[in-house]
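This is the structure I have questions about; it appears just below.
By written order: A, B, C and D. Residues from 1 in each chain.
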Amino acid sequence: MDLHEKASSSKPGGTTRPVQVGSVSIGGGPFHVIAGPCAVESPGLLLETARAVRDSGASLLRGGIFKLRTDPSSFQGMGRAGLEELKAMKGELGLPLVTEVTDPRHLEAMLEVVDMLQVGSRNMFNYPLLSEVGKTGRPVLLKRGFSARVEEWLLAAEYIRKEGNENIVLCERGIRTFETATRNTLDLASVAWIKAREPYPVLVDPSHGTGLRELVPPMALAAAAAGADGLLVEVHPRPGEALSDGRQSLDPAEFARLMDRLSALLAALGRSPLGKS
Amino acid sequence: MDLHEKASSSKPGGTTRPVQVGSVSIGGGPFHVIAGPCAVESPGLLLETARAVRDSGASLLRGGIFKLRTDPSSFQGMGRAGLEELKAMKGELGLPLVTEVTDPRHLEAMLEVVDMLQVGSRNMFNYPLLSEVGKTGRPVLLKRGFSARVEEWLLAAEYIRKEGNENIVLCERGIRTFETATRNTLDLASVAWIKAREPYPVLVDPSHGTGLRELVPPMALAAAAAGADGLLVEVHPRPGEALSDGRQSLDPAEFARLMDRLSALLAALGRSPLGKS
Amino acid sequence: MDLHEKASSSKPGGTTRPVQVGSVSIGGGPFHVIAGPCAVESPGLLLETARAVRDSGASLLRGGIFKLRTDPSSFQGMGRAGLEELKAMKGELGLPLVTEVTDPRHLEAMLEVVDMLQVGSRNMFNYPLLSEVGKTGRPVLLKRGFSARVEEWLLAAEYIRKEGNENIVLCERGIRTFETATRNTLDLASVAWIKAREPYPVLVDPSHGTGLRELVPPMALAAAAAGADGLLVEVHPRPGEALSDGRQSLDPAEFARLMDRLSALLAALGRSPLGKS
Amino acid sequence: MDLHEKASSSKPGGTTRPVQVGSVSIGGGPFHVIAGPCAVESPGLLLETARAVRDSGASLLRGGIFKLRTDPSSFQGMGRAGLEELKAMKGELGLPLVTEVTDPRHLEAMLEVVDMLQVGSRNMFNYPLLSEVGKTGRPVLLKRGFSARVEEWLLAAEYIRKEGNENIVLCERGIRTFETATRNTLDLASVAWIKAREPYPVLVDPSHGTGLRELVPPMALAAAAAGADGLLVEVHPRPGEALSDGRQSLDPAEFARLMDRLSALLAALGRSPLGKS
């Protein structure tokens, strides 16, 4: 039995197993959109964005506190200090918070603030981190490694399940190929492939997947049409001033227009409507 | 000025320039679906398929007469004899015929039977063939090379335009990556990228793009949502008996269901409906 | 039996089957270097280069007459006129000539001038061209498609063999990957893989394989160490003035230094020395 | 200034800056070979292998104690218990020990036993781990991420340097591409590229780079010819019984033959001979 068979055979296929994050149930029912800035530059910025995306129908909030940047001289996120500040204002956000964990030693402090732990693309093969995240029992958003085959992605999920944590949502965010017109190559067929075989809810991140703002709406709609259970979208009040990934962030007005089109598409395909928090 | 700039700057962007194929106008208006078997195994099979796909709303018919197969011992198509047989029954098909040209020496005979010349993925870098196809003035369906960057694809189109032939429709059919779950990685973001910048109509081939029948409907819907002007879909009356690509072919009933869902999705997005031949 | 098995099982493995090109026998014995300009810009340039590379130990001469260029506005080679001019001066070159065939309709004229027909990377999947080249019986240098798997490369060779032509030499020239520091990724392990299993002589082209002049000597030496039967190297009298690929061409002095180092390496590994024409 | 420029411009190019590991100086002088089993299955096995590879000229010993395996049900290494056992027998090994660190929480215990810390391919983008490794000051063997561009690899080294640790040796181990004949595609041109521009010593791992025992010797020789400063080679007393990577491990006799050929090649190229511990 090769890895591929093992990845597939050990799981009950067919229906999607929903994952509960705060008041939100991801997978199998309403379509959920997680929105927010790439990095939390300040608590004020996060609050401003939270209000805007909630008004347009987002049901979870994203925002990076510890950032992994290729260039060590780039902005690395607010770090532990940011975590403290967010703790104080958590009640005001009004949406469950999803943020990336990059180091097992941050987990204890994060659990007080974060509703869903994101494992980023660079860490999908970081098995000690996956195990620690598994031990917390907290819902996990497991992004695909940008060079991971689907079978490896599913085996990474096994590292979390092995610790007794079944609250796993997958997120396709583009793979690395020879193409340079886009930042990554968004592999929507992998979403359809998994939805046909595995019980995991699957989201799509068209922001990292393309790296270009103008491609985010069409690829968000395409993701929904391909069968994704939701989206992860970068929204920044003023993308031109963003400290990271401004080129791929929507502003609140663009985000609102996208949500309207998504609603129409979901209805046409006979799917559940956009979820609420 | 690098290749990329050259590819972009020499073209009037913005609106799509429609291409007329028989009674059908591809691009900018109705959404057109080209359907049919991978290979024309017999004239009777083509006729049977033509009737079925036309009934479901396909507006053009596809079918390979000269096949390029990786393995020299595989079925290579009916060849010149097939062309003669098709000529005799052309009136009965009821749909314009799209077929692949693999050798410039076949062109003269093909022009009597074929309404749109397809340049296949393996030939996108075959510039002498592109030039000859350009000289015919006949509409061209230019598939993306499975390892071509978008800019190289656009430059391949220039080889056709240089001969005075502007009747070019592009077709995304998946690129080669490290992923092995699917036959290719269907790059829908390339469709959105081109639609935002270039006047070419763009189709998508979810059959070759995924290689798996069950992924064809979700990826066909995703292609429409991403902004494609139409589709190229493999349909075979009995996929289990197909001499090539049966694993990725829909049967007529599956195709009919897909067309219904496509209609609903196009309406929801405010786009023109499915085209008629 | 999958393609891979078929590719391997139908061939007598083990020892290399030499291919005779004029007075030169490639494979299994002396190490042969094919050198010359990317494109024949003029007959005088070719003659000047021929003298220089022969003096340094090259045993065959390369030079493109019909060029395939990604950008249709780039120099496309001297074409048929160049072929005529070369015919007149063929006796003076003093080395067998290797040049690329890009169109089956050129073959008749090429056979009067060219000792070995090169099938370029863009045409490895052009099966009609491979068949025509096979019918000529002339020795063939079959470059690997830049996105071809080894098994597909071997099956392309089958298209030539099927026509009764066993005079096939393979040439690794780099594959397309995500890496951008080099023009291609030179896959020397494919050379060692084939040498362990197949009877074909295998050459390596470090010029296209890297795209950077300073990497040509180390990768040429590495190719010999990995077991290649010879090299294809771009040499131009004045690389700064070359109409194509100047950035990856050696000048005659650099080429001479490389040949000296190659000689020493071959001796150290107990291999046959550099061949003579 | 893009990442690429930044990666290059901030470093003094030209000559190689040697890194001292115990009694061994890697880079710029003698050619050093690190050999040993993929995983330390038992202290006895490590000792047996150490004696064999030292006799053939290896100057450092490798062996994994904490293993990252794609499949969570595979052997994961001896772990902390193994570390304790190795501490007791460290004096007997006779060679400096190189082993992979997979979790920052293991570092304190590892520093008592390990002479050089390896950062594996899956962790090249794990910046918190790189920083922690940097803080130890211990020599680091930084393997290339299997999907990392050269510029990203150099920026990963910056994360170590930023903490004041300049004792960095790079190791090319193959990248992920579409080719499936070999486990990875060994990118020797990246070695030549770095050697022409950067001060880091660069090793090559032909075992992981190819995944096939019969390709290890030719690619090891090719690596030396391309300019590598040394090798990392998997050697197991009985590869058929290895708990991991047996298919790519040499036995001691094969390793000895390879070392003889390496010696001859280094001499022919005028390079320093094999180093001693």
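FYI, a residue touches a chain if its C-beta (ideal position, glycine included) is under 8 Å from a C-beta of that chain, and two chains touch if they have at least 3 such contacts.
Predicted, not measured: the structure shown is a model, and the values here were computed from it.
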The chain pair with the larger count of contacting C-beta pairs, comparing B-D against A-D, is A-D
What is the distance in Å between the mean C-alpha positions of subunit A and subunit D?
35
List the centre-to-centre spacing of subunit B and subunit D in whole Å, with centres computed as mean CA coordinates.
48
Per-residue overlap in subunit A, given as positions that touch at least 2 other chains:
147, 176-178, 180
Graph of touching chains, which shape: line, ring, star, complete, other?
complete
Mind pulling up the subunit C residues that touch subunit B in the complex?
3, 6, 68-73, 102-105, 122-123, 125-128, 145-147, 152, 155, 158-159, 162, 176
Which of the residues in subunit D come into contact with subunit C in the complex?
4, 147, 149-151, 175, 177-182, 185-193, 195-196, 209-210, 212, 214-215, 218-219, 221-227, 261, 264-265, 267-269
Where on subunit D is subunit B touching in the complex?
176-178, 180
